[in-house]
Amino acid sequence: MQEIPDGERRTETARLEGFSDAVFAIAITLLVLDLKVPPPGRPGLLGELLLDQWREYLAFLASFATIGVMWMYHHKLFTLINRVDRTLLVLNGLLLLGVAIVPFPTAVAAAYVRHPDAKVAAMFHTGTFVMITVIFRLLWQHASSRNRLLAPGANPRVVGVLNRISAVAPILYLASFFLASVSPLGSTLLNSAIVVIFVMLIP
Amino acid sequence: MQEIPDGERRTETARLEGFSDAVFAIAITLLVLDLKVPPPGRPGLLGELLLDQWREYLAFLASFATIGVMWMYHHKLFTLINRVDRTLLVLNGLLLLGVAIVPFPTAVAAAYVRHPDAKVAAMFHTGTFVMITVIFRLLWQHASSRNRLLAPGANPRVVGVLNRISAVAPILYLASFFLASVSPLGSTLLNSAIVVIFVMLIP
Amino acid sequence: MQEIPDGERRTETARLEGFSDAVFAIAITLLVLDLKVPPPGRPGLLGELLLDQWREYLAFLASFATIGVMWMYHHKLFTLINRVDRTLLVLNGLLLLGVAIVPFPTAVAAAYVRHPDAKVAAMFHTGTFVMITVIFRLLWQHASSRNRLLAPGANPRVVGVLNRISAVAPILYLASFFLASVSPLGSTLLNSAIVVIFVMLIP
Amino acid sequence: MQEIPDGERRTETARLEGFSDAVFAIAITLLVLDLKVPPPGRPGLLGELLLDQWREYLAFLASFATIGVMWMYHHKLFTLINRVDRTLLVLNGLLLLGVAIVPFPTAVAAAYVRHPDAKVAAMFHTGTFVMITVIFRLLWQHASSRNRLLAPGANPRVVGVLNRISAVAPILYLASFFLASVSPLGSTLLNSAIVVIFVMLIP
């Protein structure tokens, strides 16, 4: 990339953030398409059928919350990052790929929730989160190591917190991935718990 | 959250508004996927089939209008709010969750419109609006009580109007929720009437 | 609506434009979901099946072009409008409703293209455009009559051109609506021709 | 188009970019709907079924990467272009049409990946990329020839690089189009390789 003055660089970040925000917002809203209308059948059954889908709703909620908290941290990162290089562009592209894919494993997890293969489906679901958090870690590491792309006044305490959280996140989701091989429901609940912790730790 | 100067805080609000706007816009536009093409059958029937879906159209319109008016009020709120804290972030996330879900209960209501369980479906549909307006109330209460997150020059008259409307909205939708258990159509019409009132009362 | 200083009014317009742009962009992109993958069948047939869908593609293109040109004119309008009142908010909401619905009549037109009811489907499709252009005319009339919501320096020549085009548009689409009752294909082609004319006339 | 002062012209570009960004972001995120949940069947099969879809994933990835890199270059172009005329508006509309369509040929390619007609499907898929890159070339040629719409300070080296890349892109995709008639998989892999090269060459 050519040398560009500081003003244009900020614009560069702005449009990258805008595009990323749009992908986050679309992916999080498309998740609703994974919720299926129970096929009309015997009268008096609908209430029961809707309640019976609680595991599908949990899978939806875990994905919604995960994309939401990813957006919050992405947002936080880009209050510190003020330059863009090719590697950041590629890593951000991979991150968006991960986020945009989420509706698919969520649909798989929801479709197999009552099937003997529910464990595999849950591993596929949580595995996507492992992948996303690994890319997130790489992106942050690239941007922050030796302050490569950080704004001059980036708060070192915030940088430190993001270092630790981005390192721990893939480990937590990996634990949840293995938990899924035993208990799909346990994994979905752990995923939601991870999100709550992340929201509370946001610097 | 760390202490941040006023300028950055405004930016913080701006990106939250931008993300919220995108979710509102996507959810409101995705509703169209709930309108189903009548399966091609006997010639000469299409006009009738399309007209016959008027209750599905009403369910769609009620959801469209409700998300639309929610956007207007959300927008109005954020002309008064100029700071973001963690609780606001979480409540706004829950609000977006409610808005993003709307296409699902709308689809349920439309699919069951001619089914004996239409009442349950309509309660599910209107129940979502109850939930959304309750979260909206909590969000506004958090932001406005003791001017916690309001801009210094926030017009007290407007704040007062929003206090009253946000308190009344869940009650109106709750009434419509109970009406749905008797008359799904009556509930849908009441939902639309509520929206008209809210548009007229917007300060 | 309360009295607000000029600066905030511009912001008000900006967020309305942003929300409208998002709905236009989502509706225009959702149209692709109306294009159906031919169900895999006898080998060697796919090329033919894809070519055979040319009328479906035309219906898609007419909708895409119409939403696109609507966006261009909406955009042009809001370079002249710099105030927002409740009526504008409501009319703009109705316009977005019309735009967001377009994928539904397009799907109907595409699904019935080879069915005896193709004429009814085409009338439903073009009828939506009549409705949208009527709302567009009302919106512009409200904003421009006696310069109600126009910026002080609004170019009178541009205002005049928009007056004439917004008045003629519903008439052209109405002609196409009646043409659809005779020739669905003729109507779709006329719709495309109307768009070309509108693009050339954009002031 | 009327004569407009420089400030407004920049705004004009800004809204065009914003609308284009939204269409790019929606199209890239809608691609996920092309990934299909394997219908629940015999227990123990899900892992295999998911792995078995690797060619569908590749088709998805090729489309995702292509739209992504198109966005990057579109973005780069509009750091150089600072005026809008009718031809640019139309060519940009055609470009967005191409981008918005991508989920359809991707779905065709994915649905026919194990069918004897996979070659035709792959040609349809890659043919869309040929079309998009041709429009891209025309757009850039119109904007840059005799600096028609370029900003005064546009870097001649960057302009030169974009000239060459936009001229070569359609040729590369045309080669991949013909490759698809022999090897669908080879064509999909070549499409991905082209994207990698384009990312590395971005000026």
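Some points to look at:
A, B, C and D label the chains in the order they appear, each numbered from 1.
Throughout what follows, a contact is a pair of C-beta atoms (placed from the backbone, for glycine too) under 8 Å apart; a residue touches a chain by one contact, two chains touch by 3 or more.
Owing to the predicted nature of the structure, the values given are computational and were not obtained by experimental measurement.
Traced through touching neighbours, the fewest hops from chain A to chain C number 2. Common partners of chain A and chain B, by the touch rule above, are absent. The angle needed to superpose chain C on chain D by their Cα atoms is 90 degrees, rounded to the nearest 5. Taken over every residue number at the interface, the positions common to chain A and chain D amount to under half, indicating a different-residue contact.
We define each chain's centre as the mean of its Cα atoms; on that basis chain B and chain C are separated by 25 Å.
Chain B and chain D have Cα centroids lying 35 Å from one another. Contacts with at least two other chains are made by residues 18, 22, 26, 30, 33 of chain A.
Shown here, the protein chains touch around one cycle, each chain meeting exactly two partners.
Counting only pairs that meet the touch rule, the chains in contact are A-B, A-D, B-C, C-D.
Contact residues on chain D toward chain C in their complex (touch as defined above): 1-2, 8, 15, 18-19, 22-23, 26-27, 30, 33, 86, 89-90, 93, 96-97, 100-104, 107-108, 111-112, 115-117, 120-121, 124. Those residues of chain A that touch chain B in the complex are listed here as 17-18, 21-22, 24-26, 28-33, 35, 37-38, 40, 43-47, 50, 61, 64-65, 68, 71-72, 75, 79, 155, 157-158, 199-200, 202-203.
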